[in-house]
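Next come the structures, one after another.
Two complexes are shown next, each including chain A; its partner changes from chain B in the first to chain C in the second.
Entry: the complex of A and B
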């Protein structure tokens, strides 16, 4: 593994029956925030689960923080330095937020009671739950519950933070706070963030990986993905059957993505446009070679 | 009563105090002054690291407001169990479900065993066949993925999944066995035969654990439990009512020896396959 590489995947495949959830993916990730974008069923969660050591690949090599998660010792070493926010985290609803995070801290080998309690308080304060930390989880809102899970992931200042759709259900203020928290961690460590929110990727990520059907469609800087969409986004007063994606905006005009007709009024693309364009092309070419416009 | 102060600390002194650079005597003098001087208290605020103070305040509130551990957890700690085990036992719903099955199963076994008014031999046989199903149910409930909603968070921690499982299984299996043994003892007419279920119970429970490292636990326990009961029914089909126990090989010395062998072999498999309990999908479905 190269210096600075935290997560390295080589030809990793995971199948469920005849479906390849992850299909021969190779990636190398380092410090900072990497965003993982893709539609439902793209394989994002399966990929993150393998990186988080809770799922073994069928084939290929995975190395995380310099260790092999396929070996018990390697897995233990990784888990000591890992923070994980699963897609469907689950809670013990009758516990208070404090007791739940404290329990996870116990499992994370924080044995000194007072130091552990101080760390639990720190992470709950960091996610803005200091006022409600002694309320039962079942009495908290959905956004607060997700912040409880984020708090447990932050325990012990992990070197690798794997977050699977952590921001869904958060209100705008909570989302801003979430971004602050994640960017602070990413200053020194690696954060891998799966999301459906392209604005989170634009705001947080130095790198974006777009997945669909178990494969990587794009791997690079968000700006590189946006560049690829230049000349492919336009506005018009009516929908165009030639557009791959189109929708009516609040101004009453249509925003269209695809191959514009001659004389179309081109506009500057956003990351979301580029993402939709990429997915649209992949859908069109479902049975043929997958285009990889974002790759060098 | 407010006393007008005749002197005020200058900014350098206040900054040195916050930074911990004042000598002990000077710091003590300043602290006494700060208690009485609102002006200096206001003056010290800009030097105080607000983020650190907010953190300290949160810790302070947390220590004051933290509710005591649940009664059950405190009781278990008084018995000498470490906190990581007591918390594990108290918080996880799967453990509570398994406890419930243990108690309900033992009570059911007692009811079966108590039905001695008609045929003592028949009731005892029914008890001996039914009692091993209690630990089997307990192991299955302990293992069940859906009973632990936070399983994916838990499994990604450094505490090995095998250790967690073992603690839970032992914690519920021991009371289940003890309760069922007591059920046999308190009912008249059981005699020494009342413990013949114990080795089959251990064999079934450990075999379930071993096979569950490859196959979903509910399928394993369903097949083994059904096979156990079916074998008992078939073997005593033509046996006289007064000689049922002797006709089921599992309750004869040879059968008991086989159960010991199964228990030991299954325990060895569980240990060898311990890594399989460390992943979310290894041999087990939701």
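Entry: the complex of A and C
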């Protein structure tokens, strides 16, 4: 592993039948928050599962925390230092939040009862569940349940935190708290965050990787992605058939993304504009449908 | 009863499974298997968590709730009569834990599959505790159910111990089979979950154990027919007692059977663990366990030694060499060791039966001998009649002939088992023995001989006298005689044969050993005589005892003499006439 590199992927491919979910991706990730953006089916979850050691690549090399997950010993070592939030995590609904996270703490080899309980209390408090930690999970709201899963991922202060759409279903206040939690972890460790929320990426990530159809379209700072969109976002009083994407905003004007007509009123692009523009270009290149904004 | 239990268990299983949600696709890599650097310190807390989950699982709790009921039913008076044997009760206690074991299989299996069922398997796959540790923890969690099973068992042994009528001491090697099958249930539940990770297979495993157990318990069903005494039954989980009636004729390698079950448990636990790879220590344990199972299996079913066979044959065919005899009021009683306490009951019934007859009845026959011997027909656990020889170990059965076992000796013969109506514990107060005594008094064969050979005395006054004396000399005798007349009648209703007809179309599981197939009409006359004062009837009989016991004297004549109205003409009857 290179200096500061936590995750290294080299020409990694994973296929499901004839479809390449991940198609020859090479990446090197280090400390801080890396956002993973992409439409559904882009291969984000497959990539995260390989990094989280629950899926084996068909080809290519994966090294996580300096270990090879293809070896049992390597997987064991990685898992001891990993926090993972799967896309569809599941729960033991009849257990309390505390008991469930405590059980996972045991599986994370926290064998000292008191220390483990202290740690479970810490992470549940960190995600704002200290009031309800002794309630059964089935009695908690959807957002609270996701925070239970986030709490277990934080157990033991993992060196690598892999989060697959953790903010889905969180209300604005919970999302802010989530950002606070993740940014705190990322001060010293590596966080890989898959999301459809470009505002989360803007708020949290020092680096963004945009994926589509198993390939990386962009890998760099969020500002660099935004820079690509400069001069391609404008507002108008009517939709323009030449725009790749357009929508009516709350002010009654249309926000358009694409190649602007002469004299168009250009505006400063947001990360979402840049993301949509990037996907639109990629889709056009593949003669596919134009993506729509928001979650797919 | 078995069908009811299976129906209840099946209902509980259905309810438990109905509540489960479908699983999500499993992770492809899953947890690491056997791996150097594994931290086994997670085992104790994981086992504790598993124990808690198991003890709170609805299926297990249902099993716990069901067990006292099963214990109650299995050890109730109804199952053993008025003088139950501790060995039989010990077996029954072990058998009563079987439903708990079935439900434990399901509970453990569902807990083992919980990550898959709840969709947490991907999350758990990314955690560092390897699957062998988790599997071992779940196997270790079986300690909880076993403690519960052991507590229930010991408590019930204590309850049974308060019953004064129970003969002998608890047989702990037999009793221990119960908790041990619960241990086995845990191992089966985990092993099935590891190899066939779908909840339905846990249920199927429970059903399979029911099927296997039933095959080894039943004697006449696929895949083989066997005698009840065939030791192959010890290859099942629980081997019931045979109808041999006495421990001296029952081969029960209880210690070996326990070791055999321990071997099976270890095999299943090893099978669960080798799912993650053939590690030498586990393979070694598996190999040793297989050897233990094979060895103890063979020891249990090996042929009896010639000496033991000869001893058992002698026990049956030369009772005088084994029985202890005593004389009371001129009657000689002989009982096998372990049954000598019964002599008091026998003598009471003999005295009351002979006591209603005129004194000459005892004098003209000479001294009465009451000698214990096996019944020719005994019941199995399904309340079905089977030949006594079938309950013996096959080599012993081959060496005894009916003529040697049941000679025609004109003696009264109480059996090993308590007298009872089919599958009932109703106390018949020695009525069946009393009928033998009555028959002896009037010159009829008291007991059958050879291959259950009996004779008929249809229309003979002495037959009615025998039945009347028995009923008159037995508490509640009239009702008992009526019940016998109703339930023991042959298919055409003319004779009391106990072999089908009446209300027990399948025949009696342990019919009275009477030497005469009494005619229903003669029994009717005996009932009519009961309506007259006993002394009055005895007076009539005493006036000319030789006449009334003459085979040529009809029951019609007796009815006339006693003033109870003549019975319908009974005809000649079927079967060979009594001498």
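What we mean here is this: the second predicted complex is superposed on the first by the 286 of 296 C-alpha atoms of A that agree within 3 Å, B and C clash if a C-alpha of one lies under 4 Å from a C-alpha of the other, contacts with A are read in each partner's own complex, and residues count from 1 in each chain.
Keep in mind that, in the parts below, contacts are C-beta pairs under 8 Å (C-beta built on N, C-alpha and C of every residue); 3 or more make two chains touch, one makes a residue touch a chain.
Because the structure is predicted, anything quoted here is derived from the model rather than measured.
In the model built by aligning both structures on chain A, chain B clashes with chain C. Of the two partner chains placed by superposition, A:175 touches none, neither chain B nor chain C. After superposition on the shared chain, chain A has more residues touched by B, the comparison being chain B against chain C.
Of the two partner chains, chain B and chain C are each touched by A:76.
Within the superposed three-chain model, A:121 lies in touch with chain B and out of touch with chain C [touch as defined at top]. Of the two partner chains, chain B is the only one that A:133 touches; chain C does not reach it. Looking at the shared chain after the overlay, A:147 reaches neither chain B nor chain C.
When the two structures are aligned on the shared chain, A:63 is found in touch with neither chain B nor chain C. Of the two partner chains placed by superposition, only chain B is touched by A:98; chain C is not.
Using the contact criterion defined above for the overlaid structures, shared-chain residue A:52 touches chain B and also reaches chain C. Residues common to the contacts of chain A with chain B and with chain C across the two structures: 49, 52-56, 72, 75-76, 79-80, 82, 84, 86, 88-93, 103-104, 106-109, 111, 113, 149, 152.
Of all the residues in chain A, the ones that touch chain C in their complex are 49, 52-56, 69, 72-73, 75-77, 79-80, 82, 84, 86, 88-93, 103-104, 106-109, 111, 113, 116, 149, 152.
Of all the residues in chain C, the ones that touch chain A in their complex are 24, 27-30, 32-39, 41-42, 44-46, 49, 114-115, 118-130, 134. Partner chain A is touched in their complex by these residues of chain B: 54-55, 58-59, 61-63, 65-67, 83-84, 87-88, 91-93, 148-160, 164, 275, 278-282.
Interface of chain A with chain B (complex): residues 49, 52-56, 72, 75-76, 79-80, 82, 84, 86, 88-93, 95-96, 98-100, 102-104, 106-109, 111, 113, 117-118, 120-122, 124-125, 130, 133-134, 149, 152.
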